[in-house]
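Here you go, one structure.
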Amino acid sequence: MKKIEAIVKREKMEDVKAALNKLNVNGMTIYQVMGCGNQKGWTEEGMEDLNILPKVKFDIVIDDKMAEKVIDAISEAAYTGDIGDGKIFICSVEQAIRIRTKERGNDAL
Amino acid sequence: MLNTGDISFMLVATALVLLMTPGLAFFYGGLVRRKNVLNTIMSSVFVMGLASVMWVLVGYSLSFSGNTGGFIGNLDWAAFRNVGLEAGPYANSIPHVLFAAFQMMFAIITPALITGALVERMRFKALIIFIFLWSVIVYYPLAHMVWGNGGLLAKLGSVDFAGGNVVHISSGVSGLIAAVVLGKRRGYNMTKYHPHNIPFVILGGMLLWFGWFGFNAGSALKADELAVHAFMTTHISAACAMLTWVFIEKLKTGKTTVLGAVTGAVIGLVAITPGAGFVPIWAAMITGALVSPICYTFITVVKDKFGYDDALDAFGCHGIGGVWGGIATGLFAKTSINSVAQWDGLFFGDTRLFAAQIVSILITILVASAGTLICLKIVKLFTPLRVTDRDEQEGLDISEHGESAYPSFVGLD
Amino acid sequence: MLNTGDISFMLVATALVLLMTPGLAFFYGGLVRRKNVLNTIMSSVFVMGLASVMWVLVGYSLSFSGNTGGFIGNLDWAAFRNVGLEAGPYANSIPHVLFAAFQMMFAIITPALITGALVERMRFKALIIFIFLWSVIVYYPLAHMVWGNGGLLAKLGSVDFAGGNVVHISSGVSGLIAAVVLGKRRGYNMTKYHPHNIPFVILGGMLLWFGWFGFNAGSALKADELAVHAFMTTHISAACAMLTWVFIEKLKTGKTTVLGAVTGAVIGLVAITPGAGFVPIWAAMITGALVSPICYTFITVVKDKFGYDDALDAFGCHGIGGVWGGIATGLFAKTSINSVAQWDGLFFGDTRLFAAQIVSILITILVASAGTLICLKIVKLFTPLRVTDRDEQEGLDISEHGESAYPSFVGLD
Amino acid sequence: MLNTGDISFMLVATALVLLMTPGLAFFYGGLVRRKNVLNTIMSSVFVMGLASVMWVLVGYSLSFSGNTGGFIGNLDWAAFRNVGLEAGPYANSIPHVLFAAFQMMFAIITPALITGALVERMRFKALIIFIFLWSVIVYYPLAHMVWGNGGLLAKLGSVDFAGGNVVHISSGVSGLIAAVVLGKRRGYNMTKYHPHNIPFVILGGMLLWFGWFGFNAGSALKADELAVHAFMTTHISAACAMLTWVFIEKLKTGKTTVLGAVTGAVIGLVAITPGAGFVPIWAAMITGALVSPICYTFITVVKDKFGYDDALDAFGCHGIGGVWGGIATGLFAKTSINSVAQWDGLFFGDTRLFAAQIVSILITILVASAGTLICLKIVKLFTPLRVTDRDEQEGLDISEHGESAYPSFVGLD
Amino acid sequence: MKKIEAIVKREKMEDVKAALNKLNVNGMTIYQVMGCGNQKGWTEEGMEDLNILPKVKFDIVIDDKMAEKVIDAISEAAYTGDIGDGKIFICSVEQAIRIRTKERGNDAL
Amino acid sequence: MKKIEAIVKREKMEDVKAALNKLNVNGMTIYQVMGCGNQKGWTEEGMEDLNILPKVKFDIVIDDKMAEKVIDAISEAAYTGDIGDGKIFICSVEQAIRIRTKERGNDAL
């Protein structure tokens, strides 16, 4: 399993969610973060403090096979071409457990 | 003759009624989701500008100057022509302008009340046009019919001390009709809409209570015994309604909520509005104590059955509460308290006032529903009523106003 | 004879005093942790319903009608029987109902003040029963003793312009006793309780200040020179107390806080309450300037030593501030300002008023402590005083009311 | 002779003007970033203490007692010596103390207005010393020149009903000068400063509107026709300005904002302040309708060109709005409305009042700028004006006051 | 070392904390998130927006040997049997540093 | 690539940011969390609830070679010597994507 962490613009949240749902990816965890990349926060509207902008982060744990599809879907949905579009990071997850059923592994996603 | 005590009181009462509209804005604003709070507040606040200007230009005149068939006034006082600082004609101890200013505040809060039924989905432009039209087509005629010289409903012998018909029934019914036409919010029945900021709801409710003293006691138009009487009936009705609402909640759900306490207080204020200067104090307690079970049942049972989305219960609170208030006035009014009432209420054995109240409620409902439908038809000629689905999802603060209420508080929605 | 100016003023003053209770609700609500804000606000707001209804039914009568041994009134005016719109008997230029309404607002805010000592752990049901009992056992007798015809403390010659004994000492002392009986909050001494929303504290404090003009100036019961005098002493005492509190903070911690400024203002208002219509303006400045060091020392030194958990310092502010106010009145009152005082204060060389003040403070403390203990004993027959440990941990908003104040703001607690 | 109606009205008006300062605190507090909200609120709230005490000790006397060369009063009324409860000398139907109390509230809000230009970077200690000096060097002289017996600007024949010069131009200009001296906020031009809590801005704006009735109508010093007239002109100017501001926004950006609506209302109130008791109602509508395009242009175009950092537009709103108000008074005043004006306005064909208004505006600007520069020079002898860069970055709530407004809401900044 | 990420119902926060403390696990980082799983947010009380519910996330970095115990403890404490009970994800952590002491590895936990 | 998760005191946020900028590390994601370590929250000012304190968390994805430098910089910037100074965790990241340019790997950081 992979964990995909995508940090995107706030106004793209709904689009990313829709794109994931289209792929039938329903499991996700979303939270608001502040961040800067090379953009350093200089020009965009909505900046809170010098050099640090509010973003939305998606954590999605997904079957290895689905990972690339999900990455593509997010990349596309979050794209505007402007600075600050965001980043995606992938790392590997060893185990997943659904608390309700105690299922493990891909079944738990 | 002008009287400084009366002027003093009415100036303050007028300011208090103005304060009710921001109170309402916070009451409603706290009840919506965070992404719609500014749009909701703006819907009330903007009316403070719009309705005031309209009132000075034509509204006061159409409501109170002359009489055209019992339905509406004329334009003799347009732009406050002939509205001067001498006493009368509607109140004999305060300047004419002050009476007009006091009434202006009612013309602000009434359309603002409607917006509670329409939040979280109505296009702001459509709302503004709607309120513009509604003021002309519904409010000014109703104000004239009830309070204007030669007005139809007054002639019938029905009474409305501070606006049960004009303000509450009219706005509540109009809200209901408009909510049905507008349709449900996205996710209705699938999702629960949480108030995003309950302290704001409480703040708003408390400002409403505070301002309502101006609204009801001020409707005596003098700092006299009647004002004092209305002050007391107003307060005690709110208190009783709060207690009964919380009591019902405790019975039904096992928990008492502060939202319930505030809602109870507000509908207690609504219910006593038409009768504040007519009914005895004990009757005010009954009026308040009963409005909560009535509205509670309505909101939790009847509304669910019909399944329309009166988002913040403008109809359930102001419409139903106002109707009950009008009926209660017909039950408990006493001519000895206020001789504007020609007959005692049903409870004291006379049916005439009661009948007049019922008729006047029905006429109000009719005027409000028909007027609202007409207004909406016209609005649609200019702009769609609803925002797009996408905009609704994003929230009207951003989509309609490009603003975010608390931009640095993280949290989604 | 009724006077429109006086009626006008007293109507507004009454509304202003009502507004103090929501002000207090926000003052207290901002000071607690986020998970307890609604319970805290509800504790004040609900009293607006409960105490009002009780007042009309029995409270006013027990406080002001007749005289039973100097301790309490009788039931002649129960349910406002014989309480009409003619002038008198307590105020000769406003309707009787208006006097009763004004006094009603005091009967609301006093028990609400107590709740500041009890927040974040008291079961809501227990609180309601407690307030019900406390009104009957402590408040009505005290109001009678101080302000009622033939009341004990008035007979002694002690004076209390707007409720230093009746409102502040009584609520502060009762809060202390109840806080001790109730026990400390979970985590006391290990954890720091942060106010969750300081702007709300400020909002509440400012509404209190605003409303206090109605409280103190309104206690003249007329729009006369005495009202003006009380207005000025009230304001300047608050201003002085704010300055000295901030000054002490600066000395002690190096930082001035807005919480300190507002606390200072509020205790300045508390301290001047009994003397507002008795002491000269310069004495009001001294009264205000000294209340801050007194309360500051008390809260930071004495309270820590005893280690009881008066959560929001109801005793430290209202109890101690009220006692100081009563003493200051005994020091600085002048019969030439208000001939209700039979003697000048100690500062002007006469010991009689001073002695009467001390005695009346002691009696108030006695009545409040004994009464509170009795009330709590009775409450325990019906329900435990505290919520469970688990509920306290989860927060009383959810556990007692099933509500969350700001559900979409993330953040834990 | 004292009149209860007038006393009643002026007591309430005084309380209303006091309420404006907390209103302003919330208006400003909502507009700054979260890390600076308490410092911003404290800047207004603390003035409620400081300016009140100064007023009683020396301010009232320097402003209103006697006359020293047309510029300032003397110390005969210091510490309210000879300021008693009899009528006069400035108002013949209310106690002298009440007039002094009413004026005190103006001496509070004026320096508080300045702080809007200085937020998010000024050292609190420096601010306090500045406000202390500014009251003495700028405010008391200006109040004397405009309203005191024998004051220079009154002698010129210029008029200022409720403080266009004394309150708004003086604070706006002083804010501008101080903002320039103080320098820009960290990150100016690179970053956008978002209001952290727009509902608070609205709450503050609405309290300002409510309180402004006391400010303007109260400036009649009686509950008479003039007060009623000023009430109406005040309200309708605010309403018109709101509409035009929102209209301009819609044209320029396509979106209407609630921030714009509230800003419009506030500058509409500013603009009508000097003329409220002098101009006809229709002229009040024009005054209000035009202030929005004037201030909007100024804030969006002129300010950007000069590039100073008047953080919350104290100058753009109060300075520019006040100047326009003074001019509008010179255009539209009528002696028949208020014979304090010796001549009609330019619009009615007489140039004398208009000329006097221009001269008096220029003198006000001169006094305010020179005075502010002097004050700042003196302040620098004691302490640097700005916080350190590090403190500014961390936010002034923590660095200056050691407090955090909403400690349990997560979110950075 | 393992990092255990557990996303649970809000009302279960105190229980999970208590369960961890019982195991003598004191190190944890907690934050509030929004999320959806297969539940899709339809039925539960407290939903904020269509299809996305507030949850609490625990991050716990722990010695490999403790991992299973912690997982079990959380699973049990967070269990209600209803939909929306939450999930647990495990991934491996290479290094841990305690800033105060500069200790590394298991000593730093 | 490595992901560095650093949980530090709130008042250290600006210092840590400055230290990272000095290393020319501009990419970072910041959010506020609540947490407890062995400190258990007993003594520090600013605690919200028994045993759980607000902290700031930095997530920084960085080239392997830079990792140690970043860790040192953070350790130093966040150090006060008092209990509650915070922790740093490191895990490995498999891939990074910059949404605007679709760059992958170290180029995307």
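In this document, chain identifiers A, B, C, D, E and F correspond to the written order of the chains, with residue numbering beginning at 1 in each.
Keep this in mind: a residue touches a chain if its C-beta (ideal position, glycine included) is under 8 Å from a C-beta of that chain, and two chains touch if they have at least 3 such contacts.
Computed from a prediction, not measured in an experiment: that's the story for all the values here.
A.B. asks: If you take the chains that touch chain C and keep only those that also touch chain F, what is left?
C.D. replies: The common neighbours are D, E.
A.B. asks: Note down the smallest number of touching-chain steps it takes to go from chain A to chain C.
C.D. replies: 2
A.B. asks: State the pair with the higher C-beta contact count; candidates are C-E and B-C.
C.D. replies: The comparison resolves to B-C.
A.B. asks: Among all chains, whose Cα centre is located farthest from the one for chain A?
C.D. replies: C
A.B. asks: Taking all residue numbers used at the chain B/chain D interface, answer same if over half belong to both copies and different if under half do.
C.D. replies: Counting which numbers both chains contribute, under half are shared, so the two copies meet through different residues.
A.B. asks: Averaging each chain's C-alpha atoms to get its centre, pick out the one most distant from chain B.
C.D. replies: F
A.B. asks: Distance-wise, how many Å sit between the C-alpha centres of chain C and chain D, to the nearest whole number?
C.D. replies: That pair's centroid distance is 34 Å.
A.B. asks: Measuring from the mean C-alpha position of chain A to the mean C-alpha position of chain D, what distance in angstrom results?
C.D. replies: 49
A.B. asks: From the C-alpha centre of chain D to that of chain E, how far is it in Å?
C.D. replies: Using C-alpha averages as centres, the distance is 54 Å.
A.B. asks: Approximately how many whole Å separate the CA-defined centres of chain A and chain F?
C.D. replies: 19
A.B. asks: Give the residues of chain D that touch two or more other chains, as numbers and ranges in rising order.
C.D. replies: Only 3-6, 8-9, 12, 33, 194, 197, 203, 393, 407-413 qualify.
A.B. asks: Residues of chain F that contact two or more other chains, please.
C.D. replies: Chain F, residues with two or more chain partners: 30-34, 46, 48, 51-52, 91-92.
A.B. asks: Which chain E residues qualify as touching chain F in the complex?
C.D. replies: Going by the criterion above, the answer is residues 1, 3, 17, 26-31, 61, 91-100, 102, 108.
A.B. asks: Using the touch rule from the top, collect the residues of chain E that touch chain A in their complex.
C.D. replies: Touching chain A: residues 2, 7-8, 31-38, 40, 51-52, 55, 57, 71, 74-75, 78-92 of chain E.
A.B. asks: Quick check: in the complex, which residue numbers of chain D touch chain C?
C.D. replies: 2-9, 11-12, 14-15, 18-19, 22, 25-26, 29, 37-38, 41-42, 45-46, 48-50, 52-53, 56, 79-80, 85, 94-95, 97-98, 100-101, 104, 124, 197, 200, 203, 400-411
A.B. asks: Going by the contact rule at the top, pick out the chain C residues touching chain E in the complex.
C.D. replies: The touching residues are 390, 393-394, 398, 407-408, 410-412.
A.B. asks: Of all residues in chain B, which touch chain C in the complex?
C.D. replies: 3-6, 8-9, 12, 16, 33-34, 194-199, 202-203, 206, 209-210, 213-214, 217, 222-225, 227-229, 231-232, 235-236, 238-240, 242-243, 246, 253, 255-259, 261-262, 264-265, 281-282, 285, 409-413
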